Structure formats: C-alpha cells, structure tokens
C-alpha cells in the first residue's frame, strides 16, 4: 500500500488487516508514554485546503505518537495566496524531503492528482463529496470493537441518516460497511439522496421512525446549514422532526444499538438529544479510535518493519 | 493540585512551594541543553480563544522544555467556526488523549467550565476580567528573587497603577501579593476602579505622586485604548500626566524599587520612560521568569516523581 | 560568524566554507533518518512579517533536522496586532530564551535592527528589496554542484532576467555570483533596472534573445503582478514576449545551461515552458538545496563543535 485515496479499492482482507494494526495502536495509546519510534526521521505534511481542526489534530497526534516530524499547512497561510498552483506547492514541499502528504481539499480527486507530483505517500483526508477513507476505517473499527464483530459485519443493519448527497463520509462508509458484510439503509428526503442511488448496494428509506427500532447502528450525518439556503430542506426544525435523533426516537433504539456521528455535531438539529446521556453513543469513541486508525494507516504506508513494542 | 484556575485558592504554603519548584526550573533553563524529560509522552494543548503571542509562547516553551508534546490552537483556526460548542471542542480534543488544557478565554469562568468536560488538568491562562494565576505567580517570583524575599512579602508596599476595573492581572496579583504579606495600594481614577473595591484587602489612591517615592514595587497595568472609546479616561495624554511613569516620576523612585508591567507595554502611555534605562525595570525578568513558573505549574500538575536532574 | 544579514560581507572563502558545510548536510539528508543532534536544546524562532510558506518551511525543516526546537510566528498572529513595537516583540521573545531569530520583513534593514535588541543570532530571510542571503547561498551551491564548479565560478556567464529593481534575490545573487568569479548580465526593461545600476559589477542588456544561446545559467526572477498596476510593464503578455522563457528560447539554450528561479514561479509569464520538461531546470534542486544550505547556516551560527556523524 503506497497511498490511501479511496476506501473502495480495499478488500475485506485489507480492512481487517488495518483494523488488526489499529488494535496495536490502541495498546500503544494506553501506555504511560504513548509513543513509539516507528516513524523517526519521517516527515508527514498535513496540507489542509479546507478548515478542519478535528481531522488535522487527529492526524497530527497520530504522526507524533509514531515519532514522525509533522508540518501543518492551512490554505490561508500557504503560497497558494501568491497564485502558486497546487502542483508547484506539492513539488516544492516534496523537494524539501517529505514522506507523506495528508491532503484535504474541496475538489474531488485532488489527492489522486497529488500522487502524480510527488514520490511521497498520499492520504486522502477528505476530498469534496468523494471520499474520506480514514473516517470509514475509524467507523468500522468502532463498530467492530463495540459490537464485538472481529470477523465481519454479516447480519448487521446500519442506517445512515441525513444529507447523503453531499457527504463523502456516506460514500466511504457505504463502501466499507457493505464490504464487511453489513446491510446499509440510507435514510433521507429525496432532495438529499445522490442521483444514481439505485446503483448503490443499499436500500433507501424516507421514514426513520419505521426503522429506528430495528437497526444495530444509527449513523447520523451532519446537517449543513447551507442546505437550507439551497432550499433542499424546508427548515432545520422540520428536518429534525423527520430525521433528527430526538428523545422519543432515542427511547426506541434497541438496547445494544450504537449511535454514531462524524462530528462536528449540530446539537438540536440531527443530534436532538445529549449524546452523553445515550448509552450507545460512540461519538467520543470515534474520536479516540480516529487517532489509532490514522496511526495504523501512517505506519502501514511509511513503516519499515519497525517494532511497535519499543517505546520512543 | 489537579487544576490551576484561581490564584485565590492557593495558600501561602502553596505559593512558596510553587516558587521553590520554579527555582529548580530556573536552574534547568540555565543548562547548556535546557530540557528535562519530566513530561515525556504527555500532551499539553494550548487553547487560546483570545490572541496572545506572549502568553502562548511562554506556555509553549515551558511545555517543550519539559519534553511534553504541545498542540497550539487559536480560535480562528478552530472548529468553533463551524458552530461547534466549547463543550464539544473540549470533549473532542480530550478524546484524542490530552493531559492538560491551557485555556485563555474572554469569558470569566470558561476554564472552570472546561474542567467539567475533560479528565485532563486545566490551567487558566487568563479569563475575562477574572483571573490570570500564572501571571500572579511569575510576578511574585520576580519580586521574591529581586528583593530577596524568600520567606514572604511582609512589610513590602506594592502599588498597582491603572485600569484595575478591567484587569484580571490586578485581581490575581492583589490576592497573591496580600497572601504573601504585602501591603497593596491601588492607584487609579475612580472610573477605573472595580465596583466593590472597598471589600478588597487594599488601600486606594488617586494620587500617584504622593506614593511614588514610598513604594517598593510599582506595578503598571496596560492602558487599553478601548477605554478611551468608553470615555472612562479623557485622553491618553491626560492619563499619562496623572498615572504614567514619566521620567520625573521615575527619578523619584526609591533606589531599590522595582518597576513591573505584564506586557505588552504601551510606550509613551503608562510606560512613558524607556524601561531599558530604569535600573529597577523587571519587564524582561518577568518574561524570563514566566517560562520557569509555567514549567513549575505544568510539572506540579502532570509530573509523577520524575527527576529534574536528568537531562532530556 | 554571529549573524547572517548580508551576503555582501562574506568573502569567497566564507562562501566556500559554507558550501563545504552544505555538502555535509546533503549527506545527512540522504540518511535513512535525516537528523543529527547538533542543535539539541537550541531554540530557533522563525519570525515572518511577510507571508512565505516556502522559505518558512525550509528554515523550519532545516532547524528540525538539526534537532533544534522551532517556533514559527507569522505577523498576523503576533502581538504586533496589539501595537507592540518590533523592539518589544524581539526583547520579549528573546527573554524566553532564544538562540536564533530568522527574520523576514518588508523593511530593508529590519534584521540588522533586530541584532541590537537580542543576544541571539539573527538570520535575514529576506528584507524588503535589500538582501536574501540564504537564497544566494543555495543558488551558488546549486550552480557549484550541477556545473561541477567546486573551486569557483571563473568564466561562467550568468544572466539574471526580470524585475531587478524590486528584487532582493537579484541584489544578493549579483554579490555572491561575482564574488565567486562569475560574469553577470542583468536583462530587463529600463523600468525594472535599479537607479544606480552602472555602479554594479555587471553588464546590462535589454535583449534576451541575443544572450540566451551564450549563457551558462539563466536565472529568471518572479514577475510580480503589482508591477503592471504601477505601469512598469505594459502587460504580462508583452513581458513574456520580450523576457519570458518560451519554448523557442528554451530550444536555444546551450545543452549544459541551467535554468533557475527562486519561486514561486508564474507559469506562463516568466516561466512560459514547463520546467519539468527542461533538462537543465534547477527549480526543484534549488528547493532541496535550500534546506541543506539553511542547515549549514544554522549550524555555523549555533553549533559548538557538535559531531555531524552522530545520528539524532
């Protein structure tokens, strides 16, 4: 594995391998000194053309725990301001000696393009509506751990609720969840479903209430306020009424059911309960697992037989 | 000690203990390689919702010298932009594995609230008009060292001059200076005194000239230009005339008297002399001691019997 | 050597010494773990009052590879916003314990002023139209390596093309190239030549086409769009027609000739060919050598007999 651009190209074996590696990283993170020297002397560049403290911090933390050197760039401080092309930016930073670029960009396919301009590994940290592969991995790892599904997701029913159309998280998660054997139902108003949804390996529903008592995982997507402006949803209040996790709906969840969200949450909109009062809320476990999964990905791409048992 | 939120809850013994620990840190900072491994593997997050290069850099330097990993967040780059609540920001970063949050916020009490949402230690790096406890510690340490007052401030007369009303530095320093035994006089126009000043353990004066030749420490506060807009002071020029340290006033200081300022200074306003020409100016000593004091605080909160004699 | 402010004060022996030291750093950068402990415990502060991801990243990478602690400040996040003077900023950061300031500033002479306010070493990373000494060093090193000129540039003909008038790169490079023995021709329209160019140790031309087939090095300067606004150039298109490196001109370069550019390039303006298709393009080699040269400079200023053979 040289790059991680698209969760869809990974086989179930690849997914299981990365999750087994994540188990090791979780163990590292529980040590008194949660660091290993696995990537000493390697340089990881986080190149974020979209603002995301959450994902940037997660990759930053992951790289440091592997003892890599990390450089963080947000678009506003980059030479892109001087009109430099993405290609020149990548080639320039690459020429300084970089082992991996972690790229977030508003354009679908930008991380793939980056691979043409550098010998470094490239990790897609979210590109347009296209892919967010490390989010899918951390979500799979969270389900695997908390529903004790080490061998696969056969028989699991996962509902993904909300703005599927504009969501790279939904696209990546549908691919990963179904690759591992889960049955996925997309729950959204017609305006928030993607054009060719009938070609996706999922069922579609517009009725959350008929499903909520049956699913093993309820995965809520962030409701972007911009969608109101585009008139894709009449109002946030009506959205919450039809698709939000309200106290009434939460009470109907199965006892073992997990509630997940990629963050940041809109409290009172899609998350109309306090997740800290839901026993099945995975929201903070997802964040914690995100660091371990990103450690596993960076180690898989850049590690060279280093021993994870040694402390940094 | 789990958090440092408010200087007022520390006993004189606590203050002396932290200052003794600061002595060790001063010694570390004088070594050829001024680093100790005391906090290896610990993560310190500087979360600054108010801009302050000075204080952020001081905490950053302190944490690095103890070999902690440091992450710095300024509000403008944080997910708060996406409407995420302070609570979700804290819980999310905390879930990635954080040992201490250093929080600066414009709202009084914000650092206290942060303690409810994380198991990490919290250090108040300035909240509204409320508290700035590490500033008070570094100021006490500077006086203790330069006036050779290792056992306390009994008999010392300290004047704090300027905008007491809006100053967290004044609030914290009054508590710390008086706890150590000093007599404090607040010198300000009535518009810049706090509402219930008569309940403070201080005397109040509107006449700097009658005091200047008697004090051991002259502590000048920063005069915010915003106060002019609020019409609390007629003009900067009149302020300087009545409350600024002018060459005439500086000439009347006692030979051993210290001149202190929390920075950044308004030269020509409250600091109407060049401090580099005042033998008693502590301005840069305060900055230097600030790093050592913050090392002591972080070590007190996060250290676990580590040996400061070892080099990193 | 305590500071590096101006390339013009270095003797040819100084230049050769720094380039020999750069050879060592190139070797360090080729190791599996490209780090040496030479500057452990030293703190390097990058203080950039002008935006430049490229130069900041290069110094940042250089300092980390020598195991220094690095702090990066961009002007927008600095206390300068609160009206603090440059002097107070320098004295304050310096009081926290700094070994070197790397300063970029829009005012010529600012780094020289900084030396008055700190005991730390100061490196000029570009000041106004005045100097950019590390750029000159990396350009000399690139020519020395790629034209195999270890003993000097006698007999080499170097053309510097473009906006000489506003270019600190041109000023520093003319001094360094001629000190090493090269013959330099400046090629520019009269509006983009400096006032007293007749006192410079160069020849001047307005005709790139008569020169292009004769030079050993073609050094293109960035054409700032602002110059159009100032009416110093009629249009970018006419500029490219007269002074840009077009495919026709590139075809007339001598087989061994180098094409250099300090970056960021304006593709389609001064660089009207794809440099990745020019065998003599040094653009990315300049970037790579920039890190090694800056390591050499920081080591020369701050190193104390440390052994470069040891790995960090």
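When the chains are written out, they are named A, B and C in that same order, and each has its own residue count from 1.
In this text, a residue touches a chain if its C-beta (ideal position, glycine included) is under 8 Å from a C-beta of that chain, and two chains touch if they have at least 3 such contacts.
Computed from a predicted structure; not experimentally measured.
Two copies of one sequence, subunit B and subunit C, touch each other mainly through non-matching residues, since under half of the numbers at the interface are common to both.
Annotation, subunit A versus subunit B: rotation angle of 120 degrees from the Cα superposition, expressed as a multiple of 5. Separation between the centroids of subunit B and subunit C, computed from CA atoms only, is 41 Å.
Taken residue by residue, subunit C touches two or more other chains at no position, since every residue touches fewer. The part of subunit B that touches subunit C in the complex is made up of residues 29, 31-35, 51-54, 57-58, 60-61, 64, 74, 225, 263-267, 284-285, 287-288, 290-291, 312. Those residues of subunit B that touch subunit A in the shared complex are 40-41, 43, 69, 71, 73, 77-79, 81-85, 88-89, 91-93, 95-97.
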